[in-house]
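Read through the structures below before going on.
There are two complexes below, and they share subunit A, which is joined by subunit B in the first and by subunit C in the second.
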Partner chain A sequence: MTARTLLGLAFAGLVLIALAALPFFAGPYAVTLMIGMTGYVVLATAWGLFSGPTRYVSLATVAFFGIGAYTVGVLSETLPYPLVLLVAALIGLAVALVVGLSTLRLAGVYFVIFTFGLAELIRQVVTWYEVNVTGTLGRYIFLPVTPEGIYWQLLALAAATFLISWGIGRTRWGLALKVIGDDEVVASHCGIDITRLKLALFATSAVIITLVGAIQAPRWTYIEPSIVFNPTISFLTLIMALLGGADRLWGPLLGAIPLFLLFEWLSANFPNHYPIILGLVFIAIVFLLPKGVLAALESRLGKGGAK
Partner chain B sequence: MSELLALTGLTKRFGGLTAVNAVSFSLERGEVVGLLGPNGSGKTTVLNMISGFLPPTGGRITLNGDAISGLGPNHIAKMGVARTFQLVRALPSLTVAENVIAALAFGRQKLWDAVARDAALHHLSAVGLAGRADQPAGSLTYIDQKRMELARALAAEPELLLLDEWLAGLNPTELKTGIDLILSLKDRGITVLLVEHVMDAIRALCGRSIVMNAGRKIADGPTAETLKDPEVVRAYLGDGHV
Partner chain C sequence: MKSVQRRHVLRVMAAASALLATGIAPGALAQDRTSVKIGYAISKTGPNAGGAGITTLPNYQLWVKDVNDAGGLELPDGKKLPIEVIEYDDRSTSEELVRAVERLATQDEADFILAPWGTGFNLAAAPLFDRYGYPQLAVSSVTDKAPDFVKRWTKSFWMLGGGHDYAGALAGIIKKAAADGTLNNKVAMVSVADGFGIDLVTAARPAFEAAGIEVVYDKTYPIGTSDFTPMINEAKASGADSFVAFSYPPDTFALTQQSQVADFNPKLLYLGVGTGFPIYGKNNGDNATGIMSLGGIDPANAENAAYRKRHEEVTGQGPDYWGSVITYASLQMLQEAIKRKGLDREAVSAELSTGTFQTVLGETKMEDNQLRTLWWTGQWQNGQFVGIAPADRAGASQPILPRQGWKK
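Now for the complex of A and B:
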């Protein structure tokens, strides 16, 4: 490790400590805001972890998010909390492996449509099950988790996500992902097992997303499929990652923070026009910054392909 | 006898088109063999099936006696087959060195870090790209990209190297260098199968040539003889020239 990496890690550690200390200084509204923001930072970064290098646009974010939340809803009174999180992660992993094995051969728009359909399918299946088997659509979650507790868990998950993402970039697998991004034919002729690598990445990303849903679930107290499987969550994650630049470590973070604050402000001040403005923001981002803020800044500064 | 590669009844159909029709031949270890034929005769498709890029519709390919037909390119690469592409395929957003390290890190040796970089620099200087390691691959000229692609193929330490028109588009000086480079591979004991249209190169390099036309093998033997074969002349020039 070079001195620069150590310095970077130390700096990141300090920022993490400062963020963790926030609830001791700020009020409850700030904690609520930070929960939402950290949640989206993790979602967007985890999304970028898979979609950045592979350029597969996934709309399955909310499928995994909802699986996490629903697992907590179902198991919160039968299992101790850490075990509930573990079970949620395992279910997310299992679904990701099944979905990944069957769909990662799909290319381009077919994958987008499949993942969108998957999220809807899971929502409908859960709804059907709740209505026909349990006989009640919603579920209550009464867990002794404070908002601060949720915030710290999300912060820890964010740190883990960045460490994973950064770590992959330093190994040979990071190089493999760059090769795949450039040319899959060359990648496979170099001996890279593309399918396995994509699957591993998709599963890692899905488990993190599942955990975000599981950790945030106690905040709602009451959940039902239309809340935790709301496709807007997938779209927001996607647009945040794209705004920052999905193929950079810090890209999704830079997209998630301003957009989350913007959407918070919009939904508070223009509740009736919120969906329209949301759509306009999406269009504007895709038109003006197709490769993300970081890439736009770099080409502005004349650094070209430098990373 | 040490047979490295054997094709038996290899066939590839794309819908109604039979691109490769029951082609059989074998390569001895250390041979440099030319695979010739008019455009569209199925040469590149044969290379694509050997490297695993395309699965054969029928027939069998063995490497060192093990069947490789139907395996993916990543498996076949690890068994010792490397190739270059007809239209050069650089990895433009990577540096020149990273292009070569990609083959080192995932090939048979699994080199990484400083060891991989040293090996990459060694392979780059062998093809005349010393000192270019940290340039973006996209900034190289066409010829230099070809050199880099060869360095990437050689970095995999292949037993069998497939060259798809690697000498095409070189000027006479570069052609001379290119021929010497391939001859040096022969001295290292690498078996080479090359698809090529540059006749001077084929005469200089290939003791033996296989000629294809319309998906079939029409000649196989010492280069000087196959090039005089009436059927080969007819395939290239038409009936009036036999």
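Now for the complex of A and C:
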């Protein structure tokens, strides 16, 4: 390990400590904001973990997010909280493996449509089960978790996600992923086991997303499928990761934070025009920054240097 | 000498800050106060916007207009302050609602926060109302767990009853009519596979069984269903005199139309949300007569009639016959409690819990933080949706059974 990476790690650790200390200085509204923001940072980074290198656009974010939240809803009264989180992660993993095995051979737009359908499928299955087996649709979550507790859990999850993402980039896996992203045929000719690699990555990303849903669920007290399987979550995650640049470690972070703050500012100041402005922002991102903020910055700096 | 000085300085500072914190600041605020901040977050967009836009939002707007036209909210000292509204759109997502309520409480420092629309959303907001000490007048939420909730959140008020109340009242009506020989004791029942439908049907099954009513057809359909012909045909063939649908507005309208097309004439027809919308009565005219649903009004209550007229004039649409008037009454209770106790939220909550209020519903009083004087079943009669159960409540109309056939 070079001195530079050590320095970087130390700096990241300091930032993490500063963020963790925030609830002691800032008011409850700041904590609420940070919960939302950290949640989306983790979602976007986890999304970028799989979709960045492989360029598979997944709209299944909310499927796993909802699985996590629902698991907490179902088990919060019967199991201790850490075990509930563990079970949620395991369910997310199992679903990701089944889905991954059956679909990662799909490519392009077929994969997008499949993942979008997956979220709807899981929502309908949960609804069907609740209607026909348990006879209730809503689930109550009465857990003694404070907003600060939720924030710290999300922060820890964010740190873990960045470590995983950074770690993968430094291994042979990271290299192999870059090859897959550039050309799958070449990758398979190089002897890379494409399917297994993609599956492992998809599963990792899915488990993290599941945990975000599970950690945030106690904030809502009451959940039902239409609340936790809200497709907006998938779209927001996607646009945040794209804005930042999904194939870079810090890209999703740089997309999630400004967009989250923008949405918050819009809904506080322009509650009645929010959907219109949101649509315009989406269009602007796609037209002006198709490769993300980081890539745009680099190309601009690069040009500046050439002059 | 030195230490004495330091102590002296410290003491003065402590006294000054204590004075600033407790004495001066609120006094100055009360004098400078030029308005009362009332905030709410409601679903103006997204899937919940339809319900919120009929039952809740127009009443919030009507109430604010009524109060401000009268010079503002009256305080115990007789002074009137206009209402300043802070309105947010929760976009039908829980997380957005949670953040908006937190914003209202901590950033905007609203004096009072009005409840959101929907059972799930009122529950999502309840811990926040509780933590920041705001009374929560939850109207548009039907839940059997209200007695538990009022223990958990002592300033929460639940004002629309629970599934068991509505199902039990319906079972009572069918049981009585079956005993008279007006109906047979068979029921065909369909329900939407979503919160409302499931709550009601889960409560209805044991209620019917306890009343000795046989459920001969019991089917659940997914939300968004538009073709009910198969269900109508099966219900028709089931031999039941009563057809019950715990449906959502689009389903309610579709079931009405398709029953006419199929010439399906159950002697008792009970439909879900939407039956109490004014547009339902307008669209179906004479054919609405005899159709039952949840809610209702006392047609002889003049105050309620005046409220309905004003609602239509101010908001451009009529109020529904179920939650609307309760929503408006809940605001009148808040207004009166503020008049009696001022802007102290603790005292206002206590007053809401124990006081008796004169509202558009007549004399209104909470029981265990719940409004229990409600119309559990209503029926369209002479162009109005009137309350028929509980039958022993003052102002109850007599149910018309059997229902007339469709006129074409």
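Note that the second predicted complex is superposed on the first by the 301 of 307 C-alpha atoms of A that agree within 3 Å, B and C clash if a C-alpha of one lies under 4 Å from a C-alpha of the other, contacts with A are read in each partner's own complex, and residues count from 1 in each chain.
Note that in this section contacts are C-beta pairs under 8 Å (C-beta built on N, C-alpha and C of every residue); 3 or more make two chains touch, one makes a residue touch a chain.
Quick caveat, the model's predicted, so the values are computed rather than measured.
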Practice task
Please tell me which partner, subunit B or subunit C, touches more residues of subunit A.
Solution key: C
Exercise for the section: Go through the superposed model and pick first if A:Asn272 touches only subunit B, second if only subunit C, both, or neither. Expected result: second
Exercise for the section: Give one of first, second, both or neither to describe whether A:Asn132 is in contact with subunit B, with subunit C, with both, or with none. Expected result: second
Problem - Contacts of A:Ser226 with subunit B and subunit C, given as first, second, both or neither - result: second
Practice task
Go through the superposed model and pick first if A:Cys190 touches only subunit B, second if only subunit C, both, or neither.
Solution key: first
Practice task
Pick one for A:Lys178: touches subunit B only (first), subunit C only (second), both, or neither.
Solution key: first
Exercise for the section: Give one of first, second, both or neither to describe whether A:Gly36 is in contact with subunit B, with subunit C, with both, or with none. Expected result: second
Problem - Intersection of the subunit A residues that touch subunit B with those that touch subunit C - result: none
Handout entry: Residues of subunit C touching subunit A in the complex
Key = 44-45, 47, 87-89, 91, 93-96, 98-100, 102-103, 106-107, 119-120, 123-124, 126-127, 145, 152, 193-195, 198-199, 202, 220, 222
Problem - Touching residues (chain side subunit B, partner subunit A) in the complex - result: 51-53, 72-74, 77-78, 82-83, 85, 89, 91-94, 98, 101-103, 105-108, 112, 136, 138, 152, 156
Practice task
Report the residues of subunit A in contact with subunit C in the complex, numbered from low to high.
Solution key: 27-29, 32-33, 36, 124, 127-128, 130-132, 135-138, 140, 142, 216, 219-224, 226-227, 230, 232, 264, 267-268, 271-272, 274-275
Handout entry: In the complex with subunit B, residue positions of subunit A that touch it
Key = 172, 175-176, 178-179, 181-183, 185-194, 305
